[in-house]
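Two complexes are shown next, each including chain A; its partner changes from chain B in the first to chain C in the second.
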Partner chain A sequence: MTPVHFSFSSAFMLGLMGLTFHRTHLLSALLCLEGMMLSLFIALSLWSLQLESTTYATAPMLLLAFSACEAGAGLALLVATTRTHGTDHLQNLNLLQC
Partner chain B sequence: MFYFTFLVLIGLVLGLVGVASNPAPYFAALGLVVAAAVGCGILVGHGGSFLSLVLFLIYLGGMLVVFAYSAALAAEPYPETWGDWSVLFYVVVYIAGVLVVGGLVGGDWYSYSWVVVDEFKDLSLLRGDFSGVALMYSLGGAMLVVSGWVLLLTLFVVLELTRGLSRGALRAV
Partner chain C sequence: MNPYVLAILLSSLGIGTTLTFASSHWLLAWMGLEISTLAIIPLMAQQHHPRAVEATTKYFLTQATAAAMILFASTTNAWTTGEWNIQEMSNPTALVLITMALALKIGLAPVHYWLPEVLQGLDLTTGLILSTWQKLAPFALIYQISPMMNPTLVIMLGLASTIIGGWGGLNQTQLRKILAYSSIAHLGWMMIVMQYSPNLAILNLILYITMTTATFLTFKNVASTKLSTLTLTWSKTPMMTTMAMMTLLSLGGLPPLTGFMPKWLILQELTKQDLPLTASIMALAALLSLFFYLRMCYAMTLTIAPNTNNNTSTWRQKSSQTTMTLSITTTLALALLPITPAIMALTT
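For the complex of A and B:
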C-alpha cells in the first residue's frame, strides 16, 4: 500500500466514521457524505492516472455528476426538514409530534 | 515534488479529520474546502490536470456554494470550533487512529514513488486524461445522456421536496 492509497483510503474511512458516529446536524452528515464522495473521486482518478488506462477517466466525471445529484437531494431534504421541524438537529426527527 | 505530494496527502487526511470530528457545519464546510483543494493538488501531482480542474471548478465552485448557503439554515449562536473539547477529543482520536493504522500497514510501503500519467510516452499530443474524458462525448454518449437525465430528474426531486407543506412529497399531516 503506497502512501497515496493509504491517504485516500483513510480519508474515506474517516468520512464514514464521521457519518456513523456524529449525528448532531443533518448538514454534518451530508458534509461527511461529500467527503466520502471526494475521496472516491480522487480514488477513481488515481486509478486511471496510475494505470494509464485513460479511457477510464470518464468514470470520475460520471461519479461527480451522480454525487451532485446526491448532494442536491440531501440538501433538499435538509430544507424540507428545517421547514417542518424548525431545526435540522437529528434528534428532533424522533419526535412523535412536530 | 516529492515533498509537495506528501504535503497534500497529509492535508487530505487532516481535512477529512476536520470534517469528521463533528464541529459546527460552518467549520466542517471549511474542512471540506481544504480537502477538495488539496485533492486537486494530488491529482495535479499525478498528471491529471483536467480532472483537477473539473474538481476545482465544479466541486468548489458549484457544490460548496450551495453548502455554504445551506449552512445558514443550521446557524447556531455559538458554533463549535476544533478548539472545543468535545471536538478536539475526536480530532486527537482520529489522528491517533490514522497514525496507528498507518504504522500497521506501513511496513510494506514499497517504493515511495508515484506514477505520473504519460510519463514514459513520447510525442503525445494530448494529456492522458484530456483524451480520456473526451471519450465521454463519443463512445460514452449513452452514459452522458443518462447523467443528464439523472440531473434533470434531481431537479424535479428538489422542486418536489421543497414545494411546501400543503401538497407535494412532504406534508405536515
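For the complex of A and C:
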C-alpha cells in the first residue's frame, strides 16, 4: 500500500465512519458524503497522473460533476426535510418506523 | 407533475439502468447507478407530505453511501491491480466492500433496514418502480462479479436475508412493509444460488418482478395499503380478490403456481451442490414468509370484516384505471409452472 493509497483510503473511511456513527444533523451527513466524494476525486486524479494516461484525465471531472449533482439533491432534501419536520435533526425522521 | 419533467425523469431512470447494463467499466457502471438514483428522487418526493420526504431522505442517504462505496472499492482495485473492468476484479478487500455496497443498494439482510421504511413512505406506483426496476442495475453488477465474490459472505447474505425477510414481515399490518420484507426474502433466494447457477438467480429475479408487479398493481387498483382495508376488497372486485389471493400464494411459493418454480429449482440446485443443510434452512425460512402471505389471503378472502357492508356493492362505478399490465402479470404470476421445461431451456 503506497502512502497515497493509504491517505485517500483513510480519508474515505473517516468520511464513512462520520456518516454512519455521527448522525445528529442531516447537514453533517451531507458534508461527510461530500468528503467521501472528494477523497475519491483525489484518488482518481492521482491515478491518472501516476499512470500519465490522458484517457483517464476526464474521469475526475465526471466524478466531480456527478458528486455536485448529488450534493445538490442532498441540499434540496435538506430544505424539504426542514420544511416538513421543522429541524434537520436525523432523530426526527421517525414517522415511518414501527 | 409536469408531463415534460415526468418524461425526462422516467427516461433518465431508463438510461441509468441501461448504462449500468451496458458498461464493462466501473466508472460508467457507477454513473448509471447515480443517474437512476437521482432520477427517482423527485418521483419519490413529489407529494410533499412528511412521510414521502422522510422516505426520500433515507433512500438518498443509503444509495449515495452505497454508490460511494462501490466507487471507492473499484478505485482501490484499480490502484492495486490497475484493472477497471467489472468482470476482472481480483482484490479480495475490494470485492468484499463492493459486495456489501451492492447488498446495501438492493437491501439484503444485514443492511436492509432502510427498505421497509422507504417503501412505506411512497405511493404504490413509485414503490413498484423501487422494488422492481431499481433492483435491476445493482443485480446486473452482482451477476457480473459473482464468480469472484467471497462464497461464505454470499451464503451468509442469502441465509440472513431469507430468515430476516420472513421474520420481519410477521409483525406487520402495513402492506407495503410486508411487500418490502417479501422483497428481502426473495433477494435472499437469489443470492444463495448466485454462485452455483447465476441463470437461476436471473430466472428468480424475472419471476419475482412479475409476481410483485401483479401484487402492487392489485393493491393500487383497490387503493389499499393496510390489511384492514384489504378486508373490504371482496365487495369492490370479487374476481380480482380471488386472483390476488392466488398471486400472494404464488409469491409464497405454493406448488401449482409460478412462485413454486424458482424455489423448486433452487432447492434442487443446492441439493446437487451437496448443501443439504443450507437447502433445509432455506425451505424452512420460506415457511416464515408463507405465514404472512397466508395471513393476507385470510384477511382478504376467508373472513368478512365486521362492518355494515355485507354484499358486493352493485352500484359502484367501473374503475377507470388501465388493467392490461395487471391482467398480463397476474396471468404470468399464476400459470407459468407447467412450462418450466421451456423456460429452463430458454434461460440456461
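By our rule, the second predicted complex is superposed on the first by the 94 of 98 C-alpha atoms of A that agree within 3 Å, B and C clash if a C-alpha of one lies under 4 Å from a C-alpha of the other, contacts with A are read in each partner's own complex, and residues count from 1 in each chain.
Here, a contact is a pair of C-beta atoms (placed from the backbone, for glycine too) under 8 Å apart; a residue touches a chain by one contact, two chains touch by 3 or more.
Quick caveat, the model's predicted, so the values are computed rather than measured.
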So in the superposed three-chain picture, is A:W47 touching just chain B, just chain C, both, or none of them (first/second/both/neither)?
second
Output check: A:L62 vs chain B and chain C. Expected answer is one of first, second, both, neither. What do you get?
both
Using the touch definition from the top, say if A:A73 reaches chain B (first), chain C (second), both or neither.
both
First, second, both or neither for A:L93, with chain B first and chain C second:
second
Touch test for A:T84: chain B only (first), chain C only (second), both, or neither?
both
Quick check on the superposed pair: does A:A11 touch chain B, chain C, both, or neither? Answer first, second, both or neither.
first
Would you check which partner chain A:P3 touches, where first means chain B only, second means chain C only, and both and neither mean what they say?
first
Per the contact definition in the header, classify A:S28: touching chain B only (first), chain C only (second), both, or neither.
first
Winner on chain A touched-residue count between chain B and chain C: chain B
What is the contact status of A:L38 with respect to chain B (first) and chain C (second): first, second, both, or neither?
first
Common interface residues of chain A with chain B and chain C?
2, 8, 19, 26, 39, 62, 66, 69, 73, 77, 80, 83-84, 98
Touching residues on chain A, where the partner in the complex is chain C:
2, 5, 8-9, 12, 16, 19-20, 26, 29, 33, 36-37, 39-40, 43-44, 47, 51, 59, 62-63, 66, 69-70, 73-74, 77, 80-81, 83-85, 93, 95-98
Per the contact definition, I'd like the list of chain B residues that touch chain A in the complex.
5-6, 9-10, 12-13, 15-17, 19-22, 24-25, 28-29, 32, 35-36, 39, 42-43, 46-48, 50-51, 54-55, 58-59, 62-63, 66-67, 70-71, 73-74, 90, 94, 98, 101-102, 105-106, 108-112, 114-118, 128-129, 131-133, 135-136, 139-140, 143, 147, 150-151, 153-155, 157-158, 161-162, 164-165, 169-170, 172
Within the complex, which stretch of chain C touches chain A?
27, 31, 34, 38, 41, 45, 48-51, 53-58, 60-61, 64-65, 68-69, 71-72, 75-76, 78-80, 82, 117-118, 120-121, 172, 174, 177
Where on chain A does chain B make contact in their complex?
1-4, 6-8, 10-11, 14-15, 17-19, 21-22, 24-28, 30-32, 34-35, 38-39, 41-42, 45-46, 48-50, 52, 54-58, 60-62, 64-66, 68-69, 71-73, 75-80, 82-84, 87-88, 98
